[in-house]
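So, here come the structures, one by one.
Across the two complexes that follow, subunit A remains constant while its partner is subunit B and subsequently subunit C.
This part shows the complex of A and B:
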């Protein structure tokens, strides 16, 4: 960075000029928008360094385990700034998502010291935390010697922050009393409707307002001559089938997966609300879902929307975001809608998936690792990723208020911000945290498959599932 | 049935065509996909008429993949090299260890010989993950985690039992009288082994080596658990095209074609040995 460029950046950071003015000045110096963003981030990095001793672990190298994901790509693209800020080196292993959690589980269960920090989902830490495989990050966040004064922990969206904290007591509220912060939220997705505006315009229909209306709309589209099926949702025999649209609608109907009675867990997925919602869900898939629904995962649901094979999806908002770009046939045609499934309910209640950063208990340099984690989850990197990369959805409120980010999204993803703002207040993890999460949700997905295949009626299927889950909870000493 | 009857000939031809189509169509379709863009592949309905592109192969070879998330680095050629290196060296080591062992088990009766041979075979019974988790603890202690040496050692769990048991059966089928006659001429045991037994068993050894190579090549879990991203084989590397922001079907298809090429070429080259070796080794008496 030249002295002139540095002066311009410094003046902007001190509030001496507007962003537009800074970009114009950098432009006159021959610096384009992307390079300008990188230099600005470098300037912000230097400003950070003045307030906190970022060089405390200079010369150390930390090793990361990452999932191949746009969040990891955004971090890698900005990594040089971290290196110059701290004098530390960062190496990383990137594994595809299909095998990622096997790799994490193998590394942690074998107490491997190979990785200092890794990406994880919030559900996974319900296993890793109580097993002693990851560190409680509260002690770092609260330590002013270890954490930069502008880290702004409270800037993270409250529901998301709490969703990554848990006491380890089965059934205890996430983020409740005695919670340990097992991971730092990094980026997240909530579940709402993404739809194909072209097809909707062609058929002269509007997004549905609630689940009964969605069932009708999806059937209308499937029965039309548009040559597409109505709605894409996941259906494989996996926890991933339950957590997106299904659990979001389930929670909106006031149903719960488990209840806690005298400290013991009891299956509650056969409540009247659950049965009402599940009956609609099953009908929707039977009438208007994909033909091979029972094999559908994130990939098939997204691919069909992007290729124009489905008219809408009830899944992660960022899945609709990704499908609106790249070489997808329907890129530019997709739109977004917040969704309140229960007729008369006040607001959406989307369940969320949170990609987070966790610190391995077995790593040999925890303080240095914390320096990386606070930088990667800090405001400056979040801004860089949100403005220039696909680090979406950001977990920080300040990023959602950032004009540059908002205008980028508003321009290329119309309706996305409105969808997010309507959905976000009610978004959190709606599962009851407990160690049998994988088993419970896999059995749940298997039960849904049987109901959709008409092997068992919905009422009977949910009663049978609840009985089965209760037996497993009892066997594990949880029920 | 009269084989020269033209109707029979036509029926046979049609039956062969149907069988050929049934088995080769998936491969043919993957080959076509490898020359198409994602948009062409995902057309509804699918079509075999398209403008071919080499961009998928170029992305793999150049290591740069253009996707919705921007330009991503792809280390597929590194994965391919890892597969070649790991499979070749593992099979070579297994041959060096396994062929003399197979000969010993076939020709000599010694204490616990059957127990040892069965123990080696039992490596094939255990679910890999059951073996791998404790093994990864030991590997950490002795510094073999994330090393090629460690991986080649673990790959012996695949290659060694196969080679040992196939080649042993083969040695047992060769009459020992020829070897005895050679020994009576004053030659050493080692010379008998190298000059008589090995050449006679060559088709069986080639078949066992080829099968071991294919099993090693297709292995997925060993390197995934025991090594870092830089030492992963194609079986893991090909999954890199399945990303949160979309599946790169064209690149996956190109990766499939590139990754089956080495085994396909090897199998074509060794086809004669393979058929001869497997059939001879399978017949006793």
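This part shows the complex of A and C:
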């Protein structure tokens, strides 16, 4: 950074000029918007360094395990700033999501010190925490010697922050009493309808208002001459099939996965509400889902929407966001709609997936790792990612208020913010936190596959599933 | 000088005695190391299978003797796994054997064309099974897969390949056959080309029908090769993981939940080390029993051949 550029950034950071004025000045110095953002972040980084001893672990190297994801891409794009701020080095391994969680499980279960920190979902820490594989981050967050004064932990959306904290007691409320902060929220997604406006206009249809209407609409589109199938949802034999659209609709119908009775867990996914909703879901897939639904992960669901093979998806909002840009065939044609599945229900209840950062218990340099984690989950990096990269949805309130971020999203992704603001009040994790999460949800996905294949009726399938889950909970001393 | 000559006779016999004594141990050392490398994980797995050991439920850990096995044997889904694994193994071995033998017979006479074809036919064996599965996943995609398009041309629509329980086994069998038939073919081709020529020349001179030559001369002489190839494929098929996991993850439902997929999911998804180890021990026992049957049959044939000679 030249002296002139530094002076400009310093003046902006001290409130001596507006953002627009700063960008114009940098432009006159021959610096484009993206480079300007990077330099601004560098300037902010230097400002940070004046308030807190970021150089305490200078010379150390930490190693990260990352999932191939736009959040990781945004972090890597800004990593030089962290290195210059702290004098630390960061190395990382990136794995595709198909194998990512197996890699995490292998590294942690073998007590390997190879990785200091890693990306995880909030659900996964229900397994990693009780196993003693991840650190409770409360002690770092509350330690003013180790945490920068402007870290602003309270700036994180409360529901999201609490969703990554748990006491370890099966069935206990997330973020409740004696909770440990197993991970730092990084970015999150909630579930809504993303649809192809071009196809909808061509067929003169509007987004559905509830699940019965969605089933009808999806069939109407499939049966039309548009040459696309109605709705994309996940179907592989995996926990990931349950958590997006299915659990969001399930929760909206008032159904629960498990109930807690006298401290013991009991399967509840065969309640009348659950059966009503699941029957509609199965019908929708049979009539209007992808032909090889049983192999569909988020990747196929998203790419079909982006390629114009499906008319809509009921999945993560950010999946619709990602597919509306880049080289996708339908980029610019996608629109978003908050969704309230139960007829007459007041508001959407999207289940939430939170990409988070966790610290391995087996890493050899925990304090240095914390420095990285607080930077990566800090406001400056979140702003950089939200403004210039695809670090969306941000977990910080201040980022959601940022004008530059909002105007970028409003311009390039019309309707996205409205969808988010309508969906978010009812959004949270609707699963019951417990260590057998993967077992329960994988068996659930297998049961759905049997129902969709007409191997078993919905009523019988859910009863059989609940019986099977109860047996496993009992064997684990949880039920 | 005198001292040197005096010590030489005493030193030399000592060296020569020590050398031969140590040599057997030194020579068997690599085998011993390999054995340790196999035995330690094996007995660790046996040890784990006798425990209730779930990584994320550490408070439950304890020695339960054979309870894991009792639980497994009383679980209907386990018997489904046994059934699917054995069916998969039987079908892959039989189909690959028949196809491999057929191709080997077609290529048995050495010629430039046959040599080129036998090399070309080996190519699928060079592809990692997981990669082959991804290729087949694309080829069987209902919207743009070449195989889906081809079967649509003959009037079969809506065929869902690995996504439907009724066709999932057929689909993964196709992939397995595509990858591993060349293995059978190359072993049997080597066997065919190595058979003595005299019996065939004598049969030709006597004008013996081709079917008689095949069933009474070729097949009996080729049997040791067939048993060896089938044994290798049987051991591989009963432990099948990559193709099935990459194509279906054991689904749809539990349709293709074979031993290795079950053990893998028990460990990596459910963190249930004890159950995963018990599943693998049962798999080991089945593989051991089947191998014994094959090897005894092979030894019996060899004895019979020696007796005949």
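To be clear about the criterion, the second predicted complex is superposed on the first by the 479 of 479 C-alpha atoms of A that agree within 3 Å, B and C clash if a C-alpha of one lies under 4 Å from a C-alpha of the other, contacts with A are read in each partner's own complex, and residues count from 1 in each chain.
Operating definition for what follows: a residue touches a chain if its C-beta (ideal position, glycine included) is under 8 Å from a C-beta of that chain, and two chains touch if they have at least 3 such contacts.
Note that this is a predicted model, so its numbers are computed, not measured.
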Of the two partner chains, subunit B (first) and subunit C (second), which one does A:152 touch, if any: first, second, both, or neither? neither
Just subunit B (first), just subunit C (second), both, or neither: which does A:410 touch? neither
So, does A:390 touch the first partner subunit B, the second partner subunit C, both, or neither? first
Just checking: does A:128 make contact with subunit B only, subunit C only, both, or neither of them? Give me first, second, both or neither. second
Which superposed partner A:298 touches (first subunit B, second subunit C, both, neither): first
Partner chain in contact with A:102 - subunit B first, subunit C second, else both or neither: both
Kindly classify A:113 by the partners it touches after superposition: subunit B alone (first), subunit C alone (second), both, or neither? first
First (subunit B), second (subunit C), both or neither touched by A:326: first
So in the superposed three-chain picture, is A:68 touching just subunit B, just subunit C, both, or none of them (first/second/both/neither)? first
Once the complexes are superposed, what residues of subunit A are shared between the subunit B interface and the subunit C interface? 102, 106, 109, 309
Residues of subunit A defined as touching subunit B within the complex: 68-70, 73, 93-99, 102-103, 106, 109-114, 227, 298-299, 302-303, 306-309, 318, 322-323, 325-329, 389-390
Contact set on subunit C toward subunit A in their complex: 54-60, 71, 137, 140-143, 158, 160-165, 247-254, 265, 268-272
In the complex, subunit B touches subunit A at residues 37-39, 42-44, 67-70, 72, 132-133, 136-137, 140, 145-146, 224-225, 228-230, 232, 236, 239-240, 242-247
Which of the residues in subunit A end up touching subunit C in this complex? 101-102, 105-106, 109, 126-128, 130-132, 235-239, 290-295, 309, 435-436, 438-439, 442, 446-447, 449-450, 452-453, 455, 475-477
